[in-house]
Structures are given as structure tokens and as C-alpha cells.
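This report refers to the structure that appears directly beneath it.
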Amino acid sequence: MATDAMAPITSASTPKIKSELLQQRVRAARWFLVPMLIALAIVAGWPLMRSIWFSFTDATLNDLYGAEWVGFGNYLRWQVLESGTVRYRGVLADPDWWNAVWNTVRFAFWSVLWETVLGMIVALVLNAEFRGRGIVRAAILIPWAIPTIVSARMWGWMLNDQFGIINDLGMKLGLLAAPVAWTASADTAMTAVLIVDIWKTTPFMALLILAGLQMIPKDIYEAAEIDGVHPVKQFFKITLPLVRPALMVAIIFRVLDALRIFDLIYVLTPNSRSTKTMSVLAQENLFQFNNFAEGSTQSTLLFLLIAIFTILYIWLGKVNFEGGDR
Amino acid sequence: MKLKTLLVSMMASVTLVAGAAQAAELSIVSGDTGNGLAFLRSQLDRFEAETGHTVTVVPMPSSTTDQFGQYRLWLAAGNTDIDVYQTDVIWAPQLADQFLDLTEAAADVVDQHFPSIIESQTVDGKLVALPAFTDAPALYYRKDLLEKYGKEVPTTWSELEATAKEIMDAERAAGNSEMWGFVFQGNAYEGLTCDALEWVVSNGGGQIVEPDGTISINNEQAAAAIDRAAGWVGTIAPEGVLGYMEEESRGVWQLGNAVFHRNWPYAYSLGNGDDSAVKGLFDVAPLPMGDGEGARSAATLGGWNVAVSKYSQDPEAAIELAKFLASADVQKERALSQSNLPTIEALYDDADIAAAQPIIPNWKEIFQNAVPRPSAPTKTDYNEVSSLFWSAVHDTLSGNGSAAENLEILEADLQDLKGDAW
Amino acid sequence: MGTTFDLWKFTKSAAFYALVLFIVVVSVFPFYYAILTSLKSGTDLFRVTYWPTSLSFDNFRQVFTQGAFPRNLLNSVFVATVTVILALFLAVTASFALSRVRFRGRGLLLMTILAVSMFPQIAVLAGLFEVIRFLGIYNTPWALIFAYTIFTLPFTVWVLTTFMRDLPVEIEEAAIVDGATPWVIITQVFMPLMWPALVTTGLLAFIAAWNEFLFALTFTVSNETRTVPVAIALLSGGSQYEIPWGIIMAASVVVTVPLVALVLVFQRKIVSGLTAGGVKG
Amino acid sequence: MASIELRNIRKSFGAVNVIKGVDLEVRKGEFMVFVGPSGCGKSTLLRLISGLEDITSGEMLFDGKVVNALTPSKRGIAMVFQSYALYPHMTVYENMAFGLKLEKGHSKEAIRQRVEKAADMLQIRQYLDRLPKQLSGGQRQRVAIGRAITRDPKVFLFDEPLSNLDAALRVATRIEIAKLHEGMHDVTMIYVTHDQVEAMTLADRICVLRDGLVEQVGTPMELYEKPDSIFVAGFIGSPKMNFLTGEKAAAFNCTTLGIRGEHMLVKPDGIWEGEVIHTENLGADTYVYLEMGQEEPIVVRLEGAMQHPSGSKLRVSPMEDRIHRFDEAGKPIR
């Protein structure tokens, strides 16, 4: 697919002359892209196709190779009972699935929103000149640096109602009247998961935004300073527009990650219905229950949902694909 | 001493004759933990010396969910790198297709084990795993507190409720504000299936799915049992119990903040550790029973087994290893050093064990009340059945609907899952 | 210090440092608490304290004696380093092609690469397992390095493409006039200009690879090939249900320290901001 | 040392034709300036010569050889960019040496000598160890020129090199470039600008471009004195040539009459009368703007400082031998 697409745009209008420079560049581009594409095709393409294929079969993990084609049955199938009522089955008719969709979307929205805002604040702070900046920069990366399985357990421990330090702290500071069983109660489980995810992932955002901030030429600010532009206005008129490309990419990847959230919830609140996301549900069906095909269906639907979201995002956010002059 | 060496060398030479030509390299995967792994290694060393095979241990995370997912994937892909698997009691029926039938190979030793355990590992007449040790929970109680308030060890749930409430209130009044009456495992996970199965069975409410495959859970006695448990949350048990697994409940217990505690035998030796606040202050008893028809004390059957992969490249040696790990010899060693409960009935009367681990003979009584989870009749669907069950129970405990309502839905869901047959 | 005390300025910088302090405390506190926990043992674990009560390095000793932790640490370093080098190498060249050479279907290609990031990792597990066994790299570090490209590559390609697109065209043209081939442009002109982006993405990819658990657990079956997150999950207490908090926290401290060191080493590069001068008047 | 020949060169970006068929010859050692309003295609033409941009059709010859497909470096060109385009991470020395390092076969010593020689020419030797960001704008532009010189090119291309500098630096650097050309008169130079003053002062010959086509090529004086079209006449020279139409033009048998401000005389019996609307006093000259019923005011350039209050009437006459007559098509009537 890639090699066909590689023909330079200009070649259509002039088949006869192709400059050495253009040829060199296109040839280089091809060589630069091929290894990456091969790597991705093997590491992602094949497994992806397998999963999608399984979603149209009755595969079980005990019998992967004897799976038979069932069409869209895993997605939606129906059965007309003798009384005439129609019974819908399949993932799309499963309330658990829609509950998971809702949890996932809710989680992704709030976590990315907070991470973006807090990440921006942290990045702006780190972009300022002050003493001990290096240490602070290392310090804020710590949450991101701790393996998820560990930080999830660590927070599970800290959020425990009896021996958790968060409850202890909350009570001592008078913020909580009684200890809260954060991860156990259906009302607070999502909050707990959000707190941990925001804590863990804000550094990722902050660092990407910081890299964007670093590429803004300083003299622009100097000029604004001389013109007496208020710092708040500077932020909205200069910083935000200039950091936007980096920010958009950071947000895309965060949202994609958030929509696929798995490990944190799997460790922190594995079975709580109020935090069960699509990935957790899919994992359960794929490996814990005997519903491999259903799990594949859920994975494929999750993929579709994310794809639709991404297309919308790119379309509405006007993310620039064709930038650059060459 | 001399005799033993002689015996070992004789055995070794015998097996050498048979196996010298093909000293196999085996690997066993185990989710066992610290001491358990060390013990396993020591036994494997013995096995290596006796047979000339070499065995590598592949340790796995102690989370049984992680283990199960991995094993399924490996087995599904026909992984030849693992010969022997350590399996939870509930896995055998779900993984039956991928394990070798050990009926013939183990014909000589099967009779030594508790029949109920052998049964739990038999699927469609195929013995898929040999039991290595068993497990059954008990009621931990504070001797000192019961004495202080002149109470007996409760034998029914109602007694437990009353005693717990009374002591808790009194202790709190005395300034011990963190005291609770009863802690158990109320998180939505496999552990809750175990706890709730005990409540239901002890109340004469059946075993969720009966051995013949009938779905029995939607009955009044079962609903009453679960409703009763729901009444504990926030009264004699902390709200947080809804998020507790074994360790959290043990934490509360071991800080001296609970009168009663439901847990597995492992909490016994830890509770008697030097840094424990309840060291020497507690004892164990069979779990209480409910009331009504068929009420009895019930303890969910736990325990671990060894199974041989269908994809093993040296199945004979692998079977040999499995048999070794399930043998009376190893089980005795295990009981002595790990205080794991043997699956061989005779070992409960063993003098050495009684001397070294006095708790084990006690547990025989508890074990006799053991109830298997419905993994055998539900076969490959067990995990989903269990998940549906614990969700229904957890909902009830959290106050989302009454037990009767939730069990009715559960019955319908199970019926869907079952279809024509499990 | 000026002769007059500027109250407004003082308040402003005081507020700024308060914010810095707050950010640091929130970031570090759980980690601090982990260290605190790692120094405790037994029933002490269940008691809330804010300051270290006892100093016992027993847990740290256990980390290094249980299993093959030092070996796992080395594996992690190897896997994460090679993953990052490979991802950056493939991504830098690919993003040059994607940001600087105009060809048909470029947008589609970028979308395709992004699509790889849209599939839940849990769902590719089974297929990936087949591929890895087919390639014969099962239970080697290469299996992990290979599998990790699934999340490091799309991410690095996208971020670097964005940054490379922002580099001035005239610098590239100057290099072309100087006779530089695309390879020379990438290595000698663009890469030095992209240090902040390279170090940042490299670091993020490194941490992602360093912390990955599920693939590592599935694609390795021996202590000698496993990485640190799996090793931590394998750290265990005396019995089945017992969770060895002290040891786990000690191990977490041990695995986090190299990352903090890495950040300290590279932090100059993260904020070098070289492009600011010289490109334009 | 190269002559450059362009034969019917066309360039289009997609559907947009930017260069619509240019024929041009640049002689060896010549200083050629491309001027024209923005969007006329002058920069594109330069980039086509450099090889940075692909030619859509036509032929480009260097010393008689077709170079259409050759890369910039193989054409033996060097280029100075508007934004200098220095490599920010390299010192001045490294910037200047980069091209030579990439060409195989130069010893380190040889590279050093060539860089230093170029640095001496431009008086930037003391900056060789600095980074571009430590230099002023003018110094940076000299480094950019130095980088081009070091490569010892056959053709030297300048793309509006002075437009980022302030007025004083612009004049100084302009003189420097002129001196440079004198010092290397076997090197062909092509220089793009929109500023006709730069064009007039630097060029051996000027090529005026308009809308993708060559309007006229000639020496500055040829263009000044014999413009081939109203467009060229209006573009070259400062102040801009005055154009008169209607009766005033008809009196000279043409559609449009062009007359430069410096070619008008103020005299009481001048044939045209106008009202002074504005006066610009430049010290040496004075520009007087007259309203004469034409589209734009007529500018008269007078020597010395003169005072003509706004609102006063002034009579002027064109110098008869300096008038430019154009027909309906805008072509000169000679």
C-alpha cells in the first residue's frame, strides 16, 4: 500500500523530467518508511487482523484453530420467539458492554481534561527559570516512572479505608468525616481511578507540552513584553497557538491511551462495575471467560469507536497532516 | 539414615534403568510464593536426584487471575515450553481439553486422596490434575475477648452476629474506637464467591449450580443468607469490607481490630507472628451455620493441583513429576514445612504432622465440611458463572437491590449462559 | 537585592515557589510513602505513619536475593534501551519522510500509523504471541523489544513528525545546497536541532517500555529473561494471599531510581531550546 | 564561471502556473538581478536555477550542458537565503566548513584555509568560534555569504538577502556585496530582490519579471532609459516615473506619456500647470507632488531644498528628449 502511495505528486503532471534531487528524496523517503511499515505490519497488522477475524467466528481459547465463521452474530443476532417477541443477543445488545462504553468515555474525558490542564500548568512552571529546576523536573517525572502495576497497588494501599494514608490525612485535615472505602464503593471507585491516573499521567502531558514550549523562540515573548502585553493575554495569544500542534498530538495519544485503559483498573478495581472499561471487559471475555470470540468482538468495537473518535478529532481539531513546504 | 540412603539410591538406580536413556528436561510453572517456591525447589531437587531429570521452575505472579489468563493463552497456542502446571481447584474443568488424562497413570494412588477432591478434578471421567494440597477457610476468633465477655464460640451466624455486636459495642465504649465485629472478603472477586457460597450452603441454600447441572441459586434460603450478610456491612463489618480481599481483612484482624475473621489457614501462622497484635490471643473454629432446613457449617474447598500439559514433549517424565508432587511423601513434607493441608486422608492421623503442626488435625473437621465451587458442572463457563454470582452478591451487599431480586436476575443470566447444557 | 522591598514582586515569587512546592509534594509524596513503607515490616505495615519509625534495609536485601532481581534489572535496561534506540531510529527517518517529502497518501499513512495505537493491547496479545513464536524469538529479550514497537513506534513517529514539520525549510535547503543527502540532513542538521523532542520522546518511550507488564509476562517464561515489572509482581510474601508490601515498595524504589537519574542526566537537553536562536533574525 | 541558459522554462504547482515560459541567458561572471513585484515568480525562478525546485518543462543549461535533473550541489551553486538559514547548532566555522566537509577530498587543512580566507574577506574571522545566536543580524548575513564563498561556487545565488536588515545595514551590506562581486568577477551571480535600488546599484544586467514572464532584460541604464514597457518604466527608477494620459498624452501622439520626476523643469511658461499638494524635502533633492487631473499626483524632482507651499500653483515642462511615449498596448513608440 505504502509503495504505491509513494509516487511523487508532481510525477502526474510531468512524467518525463524528474530531477535527481526529487528522486533522491523520494527514494530516501521510501527507504525510511519501509522498515517502519514492515515492523508495524508484523507487530500490529497481523495480530489485528487475527482479532478482527476471530470476532466473526465462534472461536474459544480452547479451540482457536477450529473456529467457524458466524458472521455478525457476535455483534448482534436475534431470535424470534414463538410468542413473536424478538430477543436480541450479542455484544451490541449487552447492557454490560454499554455500561463499559459509558465508563470508558467518562474516564477518558475527565482524565484527559484534567491531565491537559494540570500538564499545561506544570509545563509552564517548568519552562520558567528558577533555581533547582532540574531537581523539580526529575521529581515530577516520578509518578510516570513507577510501573503501573506498582503504582496501582501503592494507591490501592494508600486509599484503603482502614490503613490508608489518604483517609488518615483527610480526617486529620478535617476534609473527611469518616474513612471512605475509595476503591470499594461504587460512588467513589471512578474518582479513585481518576485520581491515580491523573497523578500518574500528568507528567507525560507536561513533558510533551514542555517540549513544545521549548521550541517557541524566546524573542517572541521579549517582543510581547516590550509591547506590554499582559501575561494572561500572552498565554492565550502566543503560547497556546504556538504550542497547539504539540498539544494536539499529546492529547490524541492520551485519549487513545485513556480509551484503552486497562492495567490501572485491572489492578485497582478489577471487578467494580462502575469502573469496568471496554478493555477490562474484553480481557475478561478473552482470557478469563470462555468467550474468546466475544472478547475479540469487543476489541474490534473498541477499535472502531476509537477510530471514529480520532477521525472526528482530527477533522474538528483541524490537525494538520499536510504541513511543511516540500 | 543408612536405610534411607540405600532406599534412595535403589530407587534412583531403578529409575535410572528406565529413564537413563532419556533424562528429560522439564519445566513446571507455579504461582506459588516465597516459601512455597523454596519448598517446591527443595522437593524438585529431590526429584532430580531420584530420577536424573532436570526441572526448571517458572514462577508466576501470585495473582490467580493473571496466572489463569496466561495459562489459557499458552495452552491455546500449544506452548511446548511448559510441561507441568500448578492449577487452582477451579481451573481443571476449564482447561480440561489441554491437559493429559491421568486416570491410568494415577490409578494406584487415587484411592489415598479424599474422594471429593479427586472428583473436583475429574471432568467427563477424565482425571485432569492430581491434588497437591487442599485449603479450607475457618472462623478465626479472639479467645481473649470471648473470655472477657463470657461468650462461647458461635456455631450459627445469628450467634456470631449477636456476639460480634455486643463485644464491638463494649470495646468501642471502652475507647477502642477502631474495633469491628467481623471481617471477611467482600470485594467483587473470586474470594466473594467463596465467602458467599459458604453463607448459602450453610443456610441450606444449595451450591449455586448443583453437581447435575441444575441452577439452584434462586431460592429463599440462599436469598436470606445473602441478605443477612448484607446486614453486616456497616454494622459489625466496616463499609470498606466491600473492597477487602484476604490481605485487607487480615490487616484489620492482625492489628487487633476485629473480633471474628474469616480466612484461609495462611493467616494462622502470620497471626501468631512476633509482630502480630493478636499473637496467641486467637483460635480457629469451623465457620458458623445458618438456620432452616439443611443448615450446616460449610467451608469452600480451595487448594492446588498439578496437571500435565498435552503439549509436553516428554509426557511420561512430566506425569512422573506430577505424581511425585502429589505423593504422600511430598504432601507430608509440605504439611510439615508449609502447614498446607494434605489431600491424603491418612496424613491427618500422622504423628509427625500432629506434633509439628497441631493445627492440621484440627482442620480435618473444617475440611470435612468443605464444599466445592460449581466448577465441575459448569465446565468452561465456571469463571463467568462465578463472576455473575459475585456481582449479584456484591450488588446486594452494596445495597443495590435485595438478594431476592438480584438472585432472580442471576438465575436468568445463568440460564442464558447454560443454554441447553453446560 | 534592591534597596526598596518590592512587596508585589515578593508575593509573586512566593506564590510561584508555593506552586512549585505543591507540584513537587503531590508528585513525590506517594513515592515517599512507598519508601517509608519499604522500611517497615510485618504488622507495622498496617499502621499509618508520616515519618520513618525504624530503619530496616531488610526489604532491600530481600529484593536482591529473592529470584533474579539484578538480572531482571539488566534485562529491563537492555530491553528499554534497545527499544528506544530502535524506535527513535525508525521514527526519525520515517518522520523525515512524513514531514518533509511530499507524496500522495501521506495523510492516510499517518492515520494508518495512528490506527495501530487504537487497538487495545489486550486484543493483540493472542496474535502477537503467534507471531513471536513463529519468529522464534519467544522467551528472549527480542520478543519484548519487538512487541514494544507496537506502542513506542506510532507515538514517536507522530511526535517527531510534528516537531520536524516545524523546523524551518530554509535550513534544510541550505543543507541541500551544501550537498547534504537526506541522511546527512537528518543526522547532522535536524537531529541536533531536535534534541528537546528526541530526548523527551525517547524518555517517554523508555519509561513506557520499562514499565510494561502484560507483554513481558506473556512472552517470557524464565527468570533469566523477565523484566522488572514482572519480577515485582513475582515478589511474594510467605504464602499465597500475603502481599509483601515492604518488598514491593523497596523494589519500586530500586526501579524508579535509575529513571530519576536518567531524567537528571538528560534534563539539560530537555530544555536546551537550541532552535530559538540563529534560524531567524 | 558559468553561463546559464534558460530555454522556455515553465513551472507549475499543481494547477497554478508560476513560471510561464522564460528564456534567459546569464553570461559568465555577470551579476544578474531579478526584480519584480511580489508574486512575479522571481524567487521561484531562482530556486529553479538552484535546483531546489523541479522544472516542469523547458531546459536549463549551465555552460551548454542540460542540468535539469542535477542536484544543487552538482550544479556548483551556492545560495544565500533571506533568513540566513545558518545551522544554529554549529559555530560560524562549522557553518562555513559544512559544505566542504560533505564534498569528499578536502583535507582538514585545506578546509581551514578556505574558511579563513573567506572569513577574512568578510571580516568575520574573530567570530569563527561563536554560535549564530551570538551574532547580530548583519554579522549573520555575512556568515551566510561567507558560507557560500567558502564553497567556491561557479554560480552565486542571493534570495533577498538584505530584506531582514535595517536600512543602514542594508546599504552597508549592499556595498559589501558589490565589492565581493568586483573581487570575484569570474563568478556568475544571480540576485533576487523586490527593491529596484538594490537592482540598479548592484546589477550588471537586470531581468524584470512580471507574472511569470520576463518583461525586459538589460543593463540598469538601458532599463532606465529605454524601458520596453510601461511596467518596466514604472518599476525602475525612484521616484517612480509619472504617467500622463488623455489630452496631455495625445499632445505627444501617444496613449500614455511617461516622464521621470527628474526630467521636468519648473518654469513660468511650463506647458502643464498643477497644484502643489505635498512637498518632500530630502536635503539634496526636493520632491514636489502636483495634482494635474491624472490618476496619481505627478512627482517633480528638483535639486536642492526648495519651498513650494501646498495649494500654490506650479507650471512645469518635460524635457523633450527625455519623454517616453507608449501605445495602447503599453509598448514604447520610438
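Per-chain residue numbering starts at 1, and chain names A, B, C and D are given in the order in which the chains are listed.
One rule holds in what follows: a contact is a pair of C-beta atoms (placed from the backbone, for glycine too) under 8 Å apart; a residue touches a chain by one contact, two chains touch by 3 or more.
None of these values were measured; they are calculated from a predicted model.
Common neighbours of chain C and chain D, listed by label, are A. The leading chain pair by number of C-beta pairs in contact is A-C.
At the far end from chain B, in terms of centres built from Cα atoms, lies D.
A separation of 40 Å divides the Cα centre of chain B from that of chain C. Remark: chain B and chain D have CA centroids separated by 91 Å (rounded to whole angstrom). Chain A and chain D have centres, each the mean of its CA atoms, that are 54 Å apart. Within chain C, residues 45-47, 125-126, 130, 176, 233, 243, 275-277, 279-280 each touch two or more of the remaining chains. In chain D, the positions touching at least two other chains are 52, 71-72. Of all residues in chain B, those that touch two or more other chains are 73, 76-77, 251-252, 255. Taken pair by pair, the chains that touch are A-B, A-C, A-D, B-C, C-D. For chain A in complex with chain C, the residues that touch the partner chain are 1-2, 4-9, 21, 24-26, 28-33, 35-36, 39-40, 42-44, 46-51, 54, 61, 64, 121-122, 125-128, 130, 133-151, 153-155, 157-158, 162-165, 168, 199, 203-204, 207-208, 210-211, 214-219, 245-246, 249-250, 252-253, 256-257, 260, 262-263, 278-279, 282-283, 286, 292, 295-296, 299-300, 302-303, 306-307, 310, 314, 320-326. Residues of chain C touching chain D in their complex: 168, 170-171, 173-180, 184, 188-189, 192-193, 274-281. Within the complex formed with chain A, the chain B residues making contact are 65, 68-69, 72-73, 75-77, 94-95, 97-98, 178, 186-189, 238-244, 248, 251-252, 255, 257, 380-381, 383-384, 387, 390-391, 394, 398, 400. Residues 9-10, 13-14, 17-24 of chain A are the ones touching chain D in the complex. On the chain B side of its complex with chain C, the touching residues are 27, 29, 32-37, 56, 58-63, 66, 70, 73, 76-77, 79, 81-82, 245-247, 250-252, 254-255, 263-264, 266-267, 269-270, 273-277, 338.
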